[in-house]
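All remarks here apply to the structure that follows.
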Amino acid sequence: MKKVYRNASEAIFDIQDDATLMLGGFGLCGIPENCISALIEKGVKNLTCISNNAGVDDFGIGLMLKTRQVKKMISSYVGENAEFERQLLSGELEVDLIPQGTLATRIAMAGMGIPAFFTPAGYGTEIAEGKEIRAFNDKMYLMELALHADFSLVKAWKGDTLGNLVFRKTTRNFSVPMAKAGNITIVEVEELVEPGQLDPDDIHVPGIYVHRIFKGIDYEKRIERKTVSL
Amino acid sequence: MALDKYGIAKRIAQELQDGFYVNLGIGIPTLVANYIPEGISVMFQSENGMLGMGPYPHESAIDADLINAGKETVTVLPGGVFFDSAESFGMIRAGKVDLTVLGAMEVAENGDIANWKIPGKMVKGMGGAMDLVASAKNIIVAMQHTNPKGESKLLPKCSLPLTGVGCVKKIVSDLGVFDVKNGAFYLLERAPGVTVEEIQAKTAGKLIVEGDIPEMHL
Amino acid sequence: MKKVYRNASEAIFDIQDDATLMLGGFGLCGIPENCISALIEKGVKNLTCISNNAGVDDFGIGLMLKTRQVKKMISSYVGENAEFERQLLSGELEVDLIPQGTLATRIAMAGMGIPAFFTPAGYGTEIAEGKEIRAFNDKMYLMELALHADFSLVKAWKGDTLGNLVFRKTTRNFSVPMAKAGNITIVEVEELVEPGQLDPDDIHVPGIYVHRIFKGIDYEKRIERKTVSL
Amino acid sequence: MALDKYGIAKRIAQELQDGFYVNLGIGIPTLVANYIPEGISVMFQSENGMLGMGPYPHESAIDADLINAGKETVTVLPGGVFFDSAESFGMIRAGKVDLTVLGAMEVAENGDIANWKIPGKMVKGMGGAMDLVASAKNIIVAMQHTNPKGESKLLPKCSLPLTGVGCVKKIVSDLGVFDVKNGAFYLLERAPGVTVEEIQAKTAGKLIVEGDIPEMHL
């Protein structure tokens, strides 16, 4: 099993223009900072990015928007950044908005080998247009499809060399289902350990889903909304 | 006098019951957590992946890995638990959350709600709102009774793109408390000093006023 | 939040004749021993039991078969016990056999609020008879429905008074999806602790799914096939 | 001479590749774990909820909470991980398991497999077999070439109720190794000392013999 890479650039070596990527995180919490930097350095273009949010102007996916590498965002909530809004309004950027639970579940279903499922979210709204509608137990549901990507880019807290992952607090968010859904899953971790150092009862993502792993560096962990109690 | 946002939150907090799992939306709903009635215990769910959400942290305890669905730094209470977004919406869809409180731009007399999109304006997305309204067992809308132009937000039919259909059970506005059922708004309580006539004047949808309507106790 | 009960008898107080129960465990591993004893003591009859297996002659669900409390088993693999076979052949017992992954997933979907989904398991076999068949990406799938129960009876290793659960090794099996699926979920634990004593990153089942919890006693943990290395 | 069950397991073990995640069924497939080629590392998945399954425990290390899908006491290797049954079949369905080895009562020349039910006999259930055969990327069947009556188990069409359709890619029997493709059994290797004629005689389904068929190396 040779899953360990030296750094982000090496781990993303085969991501090409026009690729579809899943990027873990919620807001700026738990985003794959190293992979994003490496994508910018590599300069791949026309990316379709599946990510719950699109970062802020000078951090996260916002950085890739600045460099015009993103063709399309598939998200539930965007527009925390001015550049995003500008590109959207000018037609440079496509956006596909999906209810957050539907987005998370479509990704999770890809990782479970389930091609389609029914959810009530969006019934009776414009989200339902063109979708199959069906009643179960007198409640109405839409059929939604599993969402796949060429690569999943995910940041975990700890990982071992077999790809077993542990997350910290609310960083699990979209990162866990994305890690399981990627055709190729690339994971950056704060701490890379040997097999046996993680308790087999406490692993959030089994290594079988993870193709590449590397120890990330220089985590900034930007906070989007700092709120405090006095 | 119409309630301010704190008053709305305070009145909604009276709907909490011991043992409830509650999801609070962004804005006024978030304030509800400050007014939990004494003697009861509730757990707050944040749809980005946490149960047992606590107050904002002290400066020294800020943790970038611990935020709520509004992307604010928060804390976790003893007995809290973290999970991923798929699990989070799984428990929401399965009806495990007892109460969802969220804001709205418009509510219709049949319970339809619109709160995510205004045609012609930059659309930021629905976030988790469509999942929450389609799945929650019990939804209370916290909102101003009228928009900045003074137009009623309690309507016969929503004019904005819908977030969900027939799902709102109760509204607490700055003017009163309303059940939404049988295709109408049933006035239950008036804000202190607000008259039934004022509420009637500011409610475009079908309003039902049965008997004497009490003032709310805050 | 008052979820803590004193013992199994009190926790199962409202389980009545004709109830549908999910019972956690795989083989005899991680089965709700205390709840099974209490059901036998209570003598409720005509139960439909959803459980991957049906125990052995003198342990697990086998004990409830002996007392003729089970009307129907919904399982993936049964017949490790003579009494089971006798009742089945004599027509006293109904059995509904479901592929193990389909069974686990139908239960998991109930806990996720998804009423129906597509799986390839059983396509082209007698399991597919009467089911909706559909192709996605040139592969054939069956539509399967979420599986619900009146009560889920589950054994965990540790739990806190809010119902947060932690499992040990391979005892997670069907117990985790069942704990999330029950209309009323009743959990017995080896160790009952106060809120805050379980690490919020390491909880397998959040307490929101759990309605009742009690500290079990006298665990035998029978081993079905003892295999050793010399 | 036809292979015994250890020989079959040994030959199948040659199909393992470094980094493979492998699910081994009950019976002969379980034995494959004893013959992992040197220099490669594989992880065994047990569908009751474990990756990194190790050998049977020493008497002192027996743990009732740690069993495999055959309900046998086992161990977990460093880097192993536990999960629940839904997750386990999720990874199976999603094609994350590289190789599945299982037994069969019958295999048809189109890749259909029957291994769970004999009409008229007590049916114990399919366990995880239907999920595994419908989902695995690569399925090798380990089996005796003929049944106790001497009848071929490699058939034009299965006579028993099916477990899955068109899914078997390869068979290792006591007589040889076969690819299953294009509606036929392609003979790849003979067991030591077994002739093509014997294999031909004992294979009821369409058998393709192209060129010189080598003996297998064990």
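As written, the chain order gives the labels A, B, C and D, with residue 1 at the start of each chain.
Going forward, a residue touches a chain if its C-beta (ideal position, glycine included) is under 8 Å from a C-beta of that chain, and two chains touch if they have at least 3 such contacts.
Because the structure is a prediction, the values reported are computed rather than measured.
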**Prompt:** Which chains contact both chain B and chain D?
**Reply:** A, C
**Complete:** Rounded to the nearest Å, the gap separating the Cα centres of chain C and chain D is 29
**Request:** Averaged over CA atoms, how far is the centre of chain A from the centre of chain C? Could you give it in whole Å?
**Result:** 33
**Message:** With centres defined as the mean C-alpha position, give me the chain A-chain D separation in Å.
**Reply:** 36
**Sequence positions of chain A contacting 2 or more other chains** = 105, 112-114, 119-120, 167-169, 200-201
**Message:** Quick check: what residues of chain B touch more than one other chain, meaning two or more?
**Reply:** 76, 82-83, 86, 90, 92-93, 135
**Request:** Return all touching chain pairs.
**Result:** A-B, A-C, A-D, B-C, C-D
**Complex contact set, residues of chain A against chain B** = 26-30, 52, 75-79, 85, 88-89, 97, 99-102, 104-105, 107-108, 119-127, 157, 167-177, 204, 221-230
**Item:** Residues on chain A engaged by chain D in the complex (per definition of touch)
**Value:** 1-2, 110-114, 160-162, 164, 180, 194-196, 198, 200-201, 203, 206-209
**Message:** Per the contact definition, I'd like the list of chain C residues that touch chain A in the complex.
**Reply:** 105, 109, 112-120, 134, 136-137, 139, 141, 145, 166-169, 200-202
**Request:** Spell out the residues on chain D that touch chain A in their complex, using ranges where they run on.
**Result:** 18-19, 21, 41, 43, 45, 51-52, 76-83, 86-87, 90-97, 135
**Prompt:** So in the complex, which bits of chain B are touching chain A?
**Reply:** 46-50, 55-59, 62-74, 76, 82-86, 88-90, 92-93, 112, 122-132, 134-135, 161-166
